[in-house]
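Okay, so chain A shows up in both of these, paired with chain B first and chain C after.
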Partner chain A sequence: MTLNILFFAFAAMIVVPLIYLLITKNIIRAAFAFAISLLGMAAIYVLLNAEFMAVVQILIYAGGIVVLLIFGVMLTKRSGDEGVFTAHHQVIPGVLVSLAFFVLLTQSIFDVNLAWGEEVTSTDQVKQIGVLYLTDHLIAFELIAFLLLMALVGAAFLAKKSDQ
Partner chain B sequence: MMAIPLIYYLLLSAFIFCVGLAIILIKKNGVFVLLGIELILNAANLNLVAFSKFDPTLDGQVFAVFSVVLAAAEAAIALAILLNIYKQYRSTNLDELNQLKN
Partner chain C sequence: MITFLVFLPFLLGFVVVGVYGERKIAGFVQNRLGPMEVGPKGIVQTVADLLKMLQKEDLRPKAVDQLLFLAAPIIVFGAIFTGYAVLPLTEGVSGSVIDAGLFFLLSVVSLDVLGILLAGWGSNNKYALFGAMRSVAQIVSYEIPLGLSVLCVVMVAQTLDLQEMVTQQGIYATEESFLFGIKGLKINATGGFLSWNIFSMPLLIIAFIIFFISGLAESNRVPFDLPESESELIGGYHTEYSGFRWGLFMLSEYGMMLLVSFLAAILFFGGWYSPFPNIGSFELAEMTNGPVWGVIWLFGKATFFIFLQIMARWTYPRLRVDQLMSLSWKYLTPVAILLLFLIGIWKIWVIS
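Our next item is the complex of A and B:
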């Protein structure tokens, strides 16, 4: 019962900022609403016994990507007229399409039989995940490290100021 | 202690996905569209972790962390590209990028 109340509280922490995100035109406020919903998602991960994932979520999303987005807004802001606001277009078709997609997803979620498997409650998950990275998923781990390095070097190269 | 049913997580994730989709469709600013893409990736991660709770091998969580790393790389590259677009057009309004039209 307590768990259910916690789940709904954290779900509200995700859903309310997301709805604000959808209607606001101010990008900075949107970035902060996004950060709040990311923290809610981290809390949901804790409820799912995925502590490692929760920490990764806070470090990379709330700590990294939100800051990156805010920097993106600052660097692409025209001083003066438009400010940090965005315009909307095709609001009704866009909302209708995503609502229809939501109905479709909900339908298929209710249709699928989800009553399989036992809930796994392991305690030392972080250790298990670390072992998995360096044994079963070693190649993927090395490749993703290399890809991240290349992406960051590429981003630095793309964003650097040209001389002329 | 009663556990939370899996379907709650799936419905929450479907909602996050659809908000991301709506943001991509209705916002004009490039940074905002990027934010919608991040939301969609987050919805996928939530599903992976939720299913991984019923899987003794933990592979879902491992894959979710890979997906987070990819999202970070994508955000960095996309923002660098947006900076270049801004240098070129003095705007990040995606409707104005119509040089290839006609």
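Our next item is the complex of A and C:
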């Protein structure tokens, strides 16, 4: 019962800021609304007993990506109070694609049949995740590491002074 | 629960005493008296300042983005105070039991960046915006050496739970601990300062120095106070704030200092264990350890690190922006990665 109430509270915490994000013309406020909804997702992970996931969500999305996004906005152009204006193009294909995506997501969510509110069976999640990464999922792990290294080198290259 | 019952009142009380202590130490360093007028030796000066601050008018400049402007101090303080949730208090009294305790603390505390950005942007003031940008750039880059130095400790302790991490560093430990990481010098029964992480793994001394420097930078203290530098930016991201809202920023700065000090005590200096070892049959460690002693030792150690931070503030000049970045990226981060590597080798081949 409590779990349900909490779930709906956090679900509202995800959905309401996202709706605000779509409506508002103030791009910075939109970014912060996005941050709030990401925190709500972290809370849902906690309800699903995936604490490590929740912490990673906070660290990478709310602490990293949103900050990067806001930095991008701040360093480019101050849009002021008039907000951002974008025109509407390709309305019908857009609606169709998003509807198809929605159907796909709902379909797969109901197919997966997520276990909800189970008792915690393991207390050592971090250790398990670490062991799994270095045994069963080693290739994925190494590929991600390689990708991040490339991104780092790329960033250093872009930041390099181009006067020589 | 202990977070609200113990750490919140302690933090509030600490700010009052801390500001007084800071001004007195500043006076000592600069060879003057510091506050002397209010009460004997100026002891109630901060209380008077606090009362003055609370009575101030709540100014809200017309051009600010009201919502962001008002939310910012609450987000900054909320993010930092959430970090206290996982701190253990004493023997048998742990904080919130989270599997990824230390990791949670670091990630939640990094959210204060959002609040600072809100304050800087919402103020609609170029100084505030520059302050916020500097602050965020600084906090984000110093999080890397901070995280790596903490990771060194995690590798030694093999856990992310702060309570367990402390328990390992003394006489109640269930694992074996060795002096200077040398097999043969077993010190489980001796305890005291000899079994603290910093002594059981000497490489952690360097990790502690990196942790302390990045901790100073994280809490925007001198020599890393570029975001607030009064002479250039008139106070940085809290330029437009006054009264209680400004007080919240002040409170979060001191909260961050205190959190870093608690973490330093817990990770490197044995948390709530007493520094006295058992000497033969004279069981000093048994005598000075216990639930009540634990609180005293933990808070005492934290206060000592606060003192170190204040001394650093009044003895070193501010760094330039380029020096700040090169310190983080060219010195602290590579050294921390090297340390991580060495400690990994030590852990795999020397100890086990």
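Assume the second predicted complex is superposed on the first by the 111 of 164 C-alpha atoms of A that agree within 3 Å, B and C clash if a C-alpha of one lies under 4 Å from a C-alpha of the other, contacts with A are read in each partner's own complex, and residues count from 1 in each chain.
By definition in this document, contacts are C-beta pairs under 8 Å (C-beta built on N, C-alpha and C of every residue); 3 or more make two chains touch, one makes a residue touch a chain.
Computed from a predicted structure; not experimentally measured.
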TODO: Determine, under the contact definition given at the top, whether A:A9 touches first (chain B), second (chain C), both, or neither.
DONE: neither
- [ ] Considering only touches as defined above, state whether A:G94 meets chain B (first), chain C (second), both or neither.
- [x] first
Open item on the list: Which partner chains sit in contact with A:I58 here, chain B, chain C, both or neither? Use first/second/both/neither.
Closed with: second
TODO: May I ask you to decide whether A:F32 touches chain B, chain C, both, or neither, giving the answer as first, second, both or neither?
DONE: second
Task: First, second, both or neither for A:V126, with chain B first and chain C second - done: second
TODO: Using the superposition on chain A described above, determine whether A:L138 touches chain B (first), chain C (second), both, or neither.
DONE: neither
Open item on the list: Taking the superposition on A as described, I'd like to know which of chain B and chain C A:V67 touches: first, second, both or neither.
Closed with: second
Open item on the list: Residues of chain A touched by chain B versus by chain C: which partner has the larger set?
Closed with: B
Task: Residues of chain A contacting chain B in one complex and chain C in the other - done: 52, 56, 71, 125
Open item on the list: Can you tell me which positions in chain A touch chain B when the two form their complex?
Closed with: 1-4, 7, 11, 14-15, 18-19, 21-22, 27, 30-31, 34, 37-38, 41, 44-45, 47-50, 52-53, 56-57, 60-61, 64-65, 68-69, 71-73, 75-76, 78, 86-91, 93-95, 97-99, 101-102, 105-106, 109-110, 114, 116-120, 122, 125, 128-129, 132-133, 137, 140, 144, 147-148, 151-152, 154-159
Open item on the list: Going by the contact rule set out above, which residues of chain A touch chain C in the complex?
Closed with: 26, 28-29, 32, 35, 51-52, 55-56, 58-59, 62-63, 66-67, 70-71, 74, 123-126
Open item on the list: With touch defined as at the start, can you tell me which chain C residues reach chain A in the complex?
Closed with: 65, 67-68, 98-100, 103-104, 106-108, 110-111, 113-114, 117-118, 121, 129, 133, 136, 140, 160
Open item on the list: Looking at the complex, which residues from chain B come into contact with chain A?
Closed with: 1-12, 14-19, 21-23, 25-32, 34-35, 38-39, 42, 45-46, 49-50, 52-56, 58-59, 61-62, 64-66, 68-77, 79-84, 86, 90-93, 95
